[in-house]
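Below is one structure, written out as structure tokens; the observations come after it.
Naming follows writing order (A, B, C and D), and every chain is counted from residue 1.
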Amino acid sequence: MKLLIFAGALRADPCNKKFAREAMRHAAAAGHQCTFADLKDYPMPPYDGDIEAATGVPETAQKLGELIRNADALILSTPEYNGSIPGVLKNVIDWLSREKSVSLTGKHLLLLAASPGALGGVRSLWHTRQPLEVLGVHVFPGMMGLQNAYNAFDDQMRLKDEKTAQQLQKLLGQFLAHADLNVSRKAA
Amino acid sequence: MKLLIFAGALRADPCNKKFAREAMRHAAAAGHQCTFADLKDYPMPPYDGDIEAATGVPETAQKLGELIRNADALILSTPEYNGSIPGVLKNVIDWLSREKSVSLTGKHLLLLAASPGALGGVRSLWHTRQPLEVLGVHVFPGMMGLQNAYNAFDDQMRLKDEKTAQQLQKLLGQFLAHADLNVSRKAA
Amino acid sequence: MKLLIFAGALRADPCNKKFAREAMRHAAAAGHQCTFADLKDYPMPPYDGDIEAATGVPETAQKLGELIRNADALILSTPEYNGSIPGVLKNVIDWLSREKSVSLTGKHLLLLAASPGALGGVRSLWHTRQPLEVLGVHVFPGMMGLQNAYNAFDDQMRLKDEKTAQQLQKLLGQFLAHADLNVSRKAA
Amino acid sequence: MKLLIFAGALRADPCNKKFAREAMRHAAAAGHQCTFADLKDYPMPPYDGDIEAATGVPETAQKLGELIRNADALILSTPEYNGSIPGVLKNVIDWLSREKSVSLTGKHLLLLAASPGALGGVRSLWHTRQPLEVLGVHVFPGMMGLQNAYNAFDDQMRLKDEKTAQQLQKLLGQFLAHADLNVSRKAA
């Protein structure tokens, strides 16, 4: 499958990009064609109906929408800001939702979260599901929150803890099998 | 009391600004000192830890924080984007939360929503509560969602429907009495 | 497919049973083998760890679990009690979750709601998703809330409003196609 | 103040009763008049509109409602069942909501959770807030989830970990000060 992987944060070096890339590494090793999209490369202003009326959906949002449209399945790792979805990620979703044909609709998506705290971003996971599901995304029921994420990766940006790495790999395997079944069947 | 009123949208003329202003009109008539803050006057970029590390919390967020700090109570009317809190509003909350002393903490807040749809933004109301409560805001349990909001206001930007206007006024009265009790008591 | 249809209420004649049966009628007409389970026929006490330790999972929960296990896909119409999932439905889910192999896990489920109010049970829809998804249910992203439900059905318990009936039929078609794809593929 | 303390579980010896009692011990030491209500002493059937029509709200629910009505403030410790509010607790709330004058409305409530898992029942905390807030309860924004709860108490049913005990005491102090301010002011 063609997978698009991204993280819900802008910072150059956040734990969520590392977590997303770990998932990508495993998926690539399993033979999938993986693309990583860094939201920093797709800057867009806070949603403003006046901007939209004047100049339409920003090109960056259109380009990101195109990447999503071309992907068979998505993997998203999201931070937790104030016990909920990051505004910056929600803003990207809000712009994406303004395209006539919404790229996210009908896609299969695995939701991850990494957080420096003890709860692993679980409140963000559940708050992030909702707008995605409203847009018709098949968010995989299984999710994974990585706690204590600032200390979770080694110098090569790999998960230090073997059990955690296996947990990710197992969940990823389940998701990819499920998504693959849907994608290949539709293509058939 | 000193009240700060704002809406969770940028657009110049959205129904949420109208709804917030209707609440303000009633509160002013009841003798409260009201300030309306238009988020368009406080532009801030999507939250980015790198920006924060380089230049700190944007001045616009600091100014908005100062307004909140000086207010005795808050009234917020929020749109619903994709069944949840608007990214643009969440982004403002995320920046506000980065100040050392978070202006929102401990404040009493009345949450309203206006939406062109039939559900009156109820999903946004419940999703917007969570980050506010995580930050220690006393969000009033009673809320009000205005449905069919594009047709709800007359030329003077007043609610056309008498029953709806009374509902707002009643809820506002309950909220102001509750907030006043807390504010005056603390001052005593 | 073999479909199990049920409603999250006990009352003999509630709008949610009617709504669930309307969905069943359409599904049966499309050639699916439909079973309706009335929760009133599966009485179980409020979950109590002491009861479980003494006598295990109630037989009624085991029987319902067996029906779920045998079904290819599920349709559930849930009331909204106090802006959330009914306790009686959550209690059934809690008991079902105590079986060693949880019948709900991996099932595809369409979630409906009917409510006498103007919001069509939308808060219940979103609160009911969460425990189901925690248990690994693929809850279809599309949902439907029926507002003003006490006046929505005629004497033959059919939806009076043509547009509403078409909306249900369309959503049901999408769900059944999606579930069928997954079920048949797995079987292949 | 007169405080009513209860836990959202039936089992004779669950960690949530212990956690609630720890909060009670501190509140009593601070001079408050504390009553513990064990839900096991107030058995009620799963909500059924037919039962209600035939015999009204169960006496047990009325008695519990009376205790709540007489209390100045409430402390509730809730388990997490399947990532959400326990059905048994929601069922109690559903019955309480059927009284003509709902005892919970307008009350100040501190919400706690204890859970054997690593997340401390945080998903239940947020799901339990919603029906309470829908009923007009002032749920204190600060909450506390106790993780790893099976090992958290010593033989005297006291929290082993000093830091955790202090966290509870601090939160409790904040809540009681806030509730006291509201209660005494109203009485004045």
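Criterion: a residue touches a chain if its C-beta (ideal position, glycine included) is under 8 Å from a C-beta of that chain, and two chains touch if they have at least 3 such contacts.
Quantities reported herein were computed from a predicted structural model and do not represent experimental measurements.
Participant: Name whichever of A-C and C-D has more C-beta pairs touching across its two chains.
Facilitator: Answer to which pair has more contacts is C-D.
Participant: Going by the average position of its CA atoms, which chain sits the greatest distance from subunit B?
Facilitator: C
Participant: Centroid of subunit A to centroid of subunit D, CA atoms only: how many Å?
Facilitator: 37
Participant: Measuring centre to centre with CA averages, how many angstrom lie between subunit A and subunit C?
Facilitator: Between these chains, centre-to-centre, one finds 29 Å.
Participant: At least two partner chains per residue is the criterion; list those residues in subunit C.
Facilitator: Residues 123, 126, 130, 133-135 of subunit C touch two or more partner chains.
Participant: In the complex of these two chains, what residues of subunit A are touching subunit B?
Facilitator: The contact residues of subunit A facing subunit B are 9-12, 14, 40, 43-50, 81-94, 97, 123, 127, 130-131, 133-135.
Participant: Flag every residue of subunit A that touches subunit D in the complex, lowest number first.
Facilitator: Going by the criterion above, the answer is residues 118-120, 122-123, 126, 147.
Participant: In the complex of these two chains, what residues of subunit C are touching subunit A?
Facilitator: 126, 129-130, 133-139, 141-142, 178, 181-182, 185-186
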